Each structure stands twice: as C-alpha cells, then as structure tokens.
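Below is one structure, written out as structure tokens; comments come after it.
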Amino acid sequence: MAPETTETMTDRVARLAQSSAFGRFAGFTVTHAQDGKATLSMPFKAELGQYTGILHAGLIAGLLDTAAGFAGVSLDGTMVVASQMSVNFIAPAAGEQFRAEAAIIKAGRRQIFAESHLYAIKTADRRETLIATASVILLRVEGAI
Amino acid sequence: MAPETTETMTDRVARLAQSSAFGRFAGFTVTHAQDGKATLSMPFKAELGQYTGILHAGLIAGLLDTAAGFAGVSLDGTMVVASQMSVNFIAPAAGEQFRAEAAIIKAGRRQIFAESHLYAIKTADRRETLIATASVILLRVEGAI
Amino acid sequence: MAPETTETMTDRVARLAQSSAFGRFAGFTVTHAQDGKATLSMPFKAELGQYTGILHAGLIAGLLDTAAGFAGVSLDGTMVVASQMSVNFIAPAAGEQFRAEAAIIKAGRRQIFAESHLYAIKTADRRETLIATASVILLRVEGAI
Amino acid sequence: MAPETTETMTDRVARLAQSSAFGRFAGFTVTHAQDGKATLSMPFKAELGQYTGILHAGLIAGLLDTAAGFAGVSLDGTMVVASQMSVNFIAPAAGEQFRAEAAIIKAGRRQIFAESHLYAIKTADRRETLIATASVILLRVEGAI
C-alpha cells in the first residue's frame, strides 16, 4: 500500500497551503478541511497590521477567501479559484489569534458558493469575536491536490 | 509659515500609508490622492504569491480596499474604515507591477461609496490588464491626517 | 389598558408590511418578526415571472431585502433602510410558494448587518430548495412602528 | 429578404423584455441594447412604492439586474442568468422616471461581469440623481433571442 493512502484531506489541503508563499509569510495554518468545510488559523504579528496596529483588511479578506477556497478544494480535491467575494467588516480586527471557518453552501455544476466567518481571539480570556463575514463564489480549475 | 502648509494631500496620504506595517511589507506606494481619487502602486515579489505564483487574493483585496480608503481620506483628511467590500476577480493576477485606482462616487452623511479598479502590468510590453474591481463602503472614524 | 399593548412585534411589522403598495401587489406576508429575526411568505403568481416564467430577480432581491429590513425593525421598532445588499442566486427560482428568512448578525452603533435566505417550495411534495442568499447592511432612519 | 434581418439588437432585446410578465407589470422599456450596453426606462407608479412611497428595493434591484442581463444578451443574443449581484443603495429612490444603464466590463469564457447604474429623474426640472449601483455576474444559458 502506498503511504499516501493514509493522508487525510486535511493533510492534503495543509500541504497545498504550504505551497503559497504569502500564506507562509502570513502564517496561515489549516486545522481542518473535509467535505466542504475548512478552518484556518493565523497568529497575529506586527507585520500584518494596518496604520492603527490591528489586522490589515488584506489579511481579513485573504483569510476569508483562502478558507472558502480550501472548503471548495476539500469537496473532492479539485482546485478552485474565487471569482467574487463580498466581505462585511463587522467589528475591529483586534486579537492575538484569528480563525477563519468556511463552508460550502451549494456546489453547482458551474459555480461553488461558500460562506466564511472570521473570528478574532484575545488570548488573555480566550474570548472570540466575529469580526468579518464573506460570501465567496468559486470556480473549478485545472489541477487537483 | 509652517512648513507643513506646503505638503500636498498626496504627501499626507503617502505618509499615512507608511504608517501601515503590512503596507510597508507589501510595498504599497501612494502616487496620487486628492479630491476623492487615489492611486496606489505595488511591484510584485515572490512573497506575495499564492500557490501558482501569481498575486494572492489577500493582496488583490488589500490593494482595492486600501486605494478606496485613501480616496476617502483624500476628501478632507478625515480617517475612514471600510465596512463592506464586494470584489470581482475578473482575470488572473499575473504581472510584475500592480496599480489600484479608486474614486469616491458618493460621499454621504453617514457612508462614503467608493469604486476601485486593479490593473496588472507586464513590464516587458507595458500592457495593462484589468484584473479586479471592487465596490467599497467607508465610514468616517475619529482622527485625521 | 390600551388595546395596542397586546399587539406583538410580529403584528406591528405585519402592519408595516401592509403599508407598502409593492408588498401588497407582490403578496408579501409577515409570519414572524421578533428580536432580530423575520420570516416573510409569498405565493407565486404569473405577474411575478420573468421571461421563462419563474420568479423575477427583482422579487428575489425584494424578498431578501424586505425580510432583512423587517428583522432590523423587529429589534426595537426603529425604522431602517438598506444601504448595501449582496445577493447570490444559487438555484432556479421555481416554486409555488416562497419563504424568506432573515436574521441580524450584528447590530452596531452605525450599521446593522443582516443575512437572508430565500426558499422555493413545491406544493406537491412540500420540498424546499434554497434558491438565494443575501447579506444586507441596514441603517437606522427616523421613525418607528 | 426576411423581415427579421432588419431587426436591430435593441428590437430583439425589447421583444425579450416584453416576454417577462413582471417586466410588463413594472413597465420596463428597453431603449438601447447593443454590443454589451443596455438602457432601460421605467416610469414610477404608486404600485411600485414601499412604505414611504418611494421606489421599492425590489424594483431598484430588478432594474439593475435586468439592465445587466440585457447588456449581456446584447453581446451576441445568447441568453444569460445572474448568479451574483452586489447593490449599493446610495440615495433615496424618489423620482417620476427611472433609467438603468448597464455595461459589460468583461465577457469571459465562463462568466460575464457587468456594472449597472440607476438614475431617478424628477420630471419638473429633468434633474437626474444616481440612486444605486450594482456589479452583476452573468452566466450564459441555453437559448438565444
């Protein structure tokens, strides 16, 4: 038996995540990816801040988009790209840790619809705050993990 | 006369841009910001790439959002935050240089509506491709530049 | 005791719904509106169809927006208007009955964020299909119900 | 010569518009549709109003979506459906006449990206106000006009 048969979908998506230079810089870590659901974690660091020091909108959008994409890939390993993303910034992005959760709500023949939620976590009291949500439309592309 | 009276709005917004750690890492440069219009440039580098090597969606969204925000700030120097952003990813984000252009289409009492366009530039032939567009809603916040 | 003290929030929102001429034409009926959640029903009729005979996108958006607005009003009776709506059309809008469900996910000082889901119901087998989703940003305005 | 050879794309799209029962009720009139651009007019009438008497959000969205769809159809006559629409409501929808203008900004292999603008017109002084904008993603479907 080849060793890769024991690799889970989460393992495969985590490996995909490692192939993104920006994902490595930012510190995106896949903690779950299976059956159309994915969870991504990222610790805060100063280089990710905007002018007031909290998380930059590019990272907020990047986490929401990436989690949605990984949820899409986790359906059957086929690669996807985002074609549309609508983001609501609902609370200040202040925290020491961030967690993005995405779920596929409809995988159609031509488009995959995903929803993502981003939480900021204060490590002192483990309090979590929903700071942004997104709807994402994904398209399947060539390639598979 | 105080020296700052000779500082243009573009200078003031460029200084604001330099106060963002993520903006410095990514290499956002403000080339114009005045009267509700702003232009932002960024050279590509490997650390900004996703798994296939082209620009990561977080940078696409970050450039569109930041250009919109700077267009909003350029109205009168009052700080703003984004509350909603709808992004269309219309072509692959491949290029050696990126330019985001934003314009305020309505500055209301409570909300400011902006539109941003992102272009990828191939340095070989200076060909520009529109790769993404966004509508952004901005809210005024405490502080001014 | 004044008779209106026995009126529920659902009653008050249903009365508001009746004050909309387009809502009466389309047949919007409020079946629930309380504590930031609202449900709206509408039977299909031929006048609401687009060129292939299924529900027109204007009604899809109208139901999603109106349900979100009623969820917002149900918080404390203060009137609201939508400032942004992002709609995903995820399945054909074919059915004899439609039901929109909305919930407030964050009621901030300046903005209220809502999410709406629209279901089509085939009366033959009572099968329900999620046909569209929306994120809606609401602003409080003068007046109350 | 067959008489239909003299029919313009605007004529063909106007005929399509007449096949929509809701479009006829609302009074949508196609005034231009060619090469990826379309214009739609609609006079106000009381049945189209929301609770304060101005145009209902369902009609705002319906006009923006329909204009975008007609712009898409006008490319080569192939039918389209909307899969996503992001609407910004930027000013009160008060007027005696409404005009929606849409343009295709990118017709890709799988998706067509459109932008729509909606203007309210006060007949007394012919003053026009931009009241809403939308980005719309269209998909090609079976059929042609």
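Chains here go by letter, A, B, C and D, matching the order in which they are written, and residues are numbered from 1 within each.
Throughout what follows, a contact is a pair of C-beta atoms (placed from the backbone, for glycine too) under 8 Å apart; a residue touches a chain by one contact, two chains touch by 3 or more.
Nothing here was measured: the structure is a model prediction, and the numbers come from that model.
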item	value
Most widely separated chain from chain D, with each centre as the mean of CA atoms	A
Shared interface numbering between chain D and chain A [over half = same, under half = different]	same
Chain centre separation (chain B, chain D; CA means) in Å	30
Chain centre separation (chain A, chain D; CA means) in Å	36
Separation of mean Cα positions, chain B and chain A [Å, integer]	23
Touching two or more other chains - residues of chain C	83-84, 86, 88, 90, 137
Chain C-facing residues of chain D, complex	16, 19-23, 25-26, 46-51, 53, 56-59, 61-63, 65-66, 69, 81-90
Touching residues (chain side chain D, partner chain A) in the complex	83-84, 86, 110-111, 137, 139
Chain C residues within the chain A interface of the complex	86, 88, 90-91, 105-106, 108, 113, 115, 130, 133, 135, 137
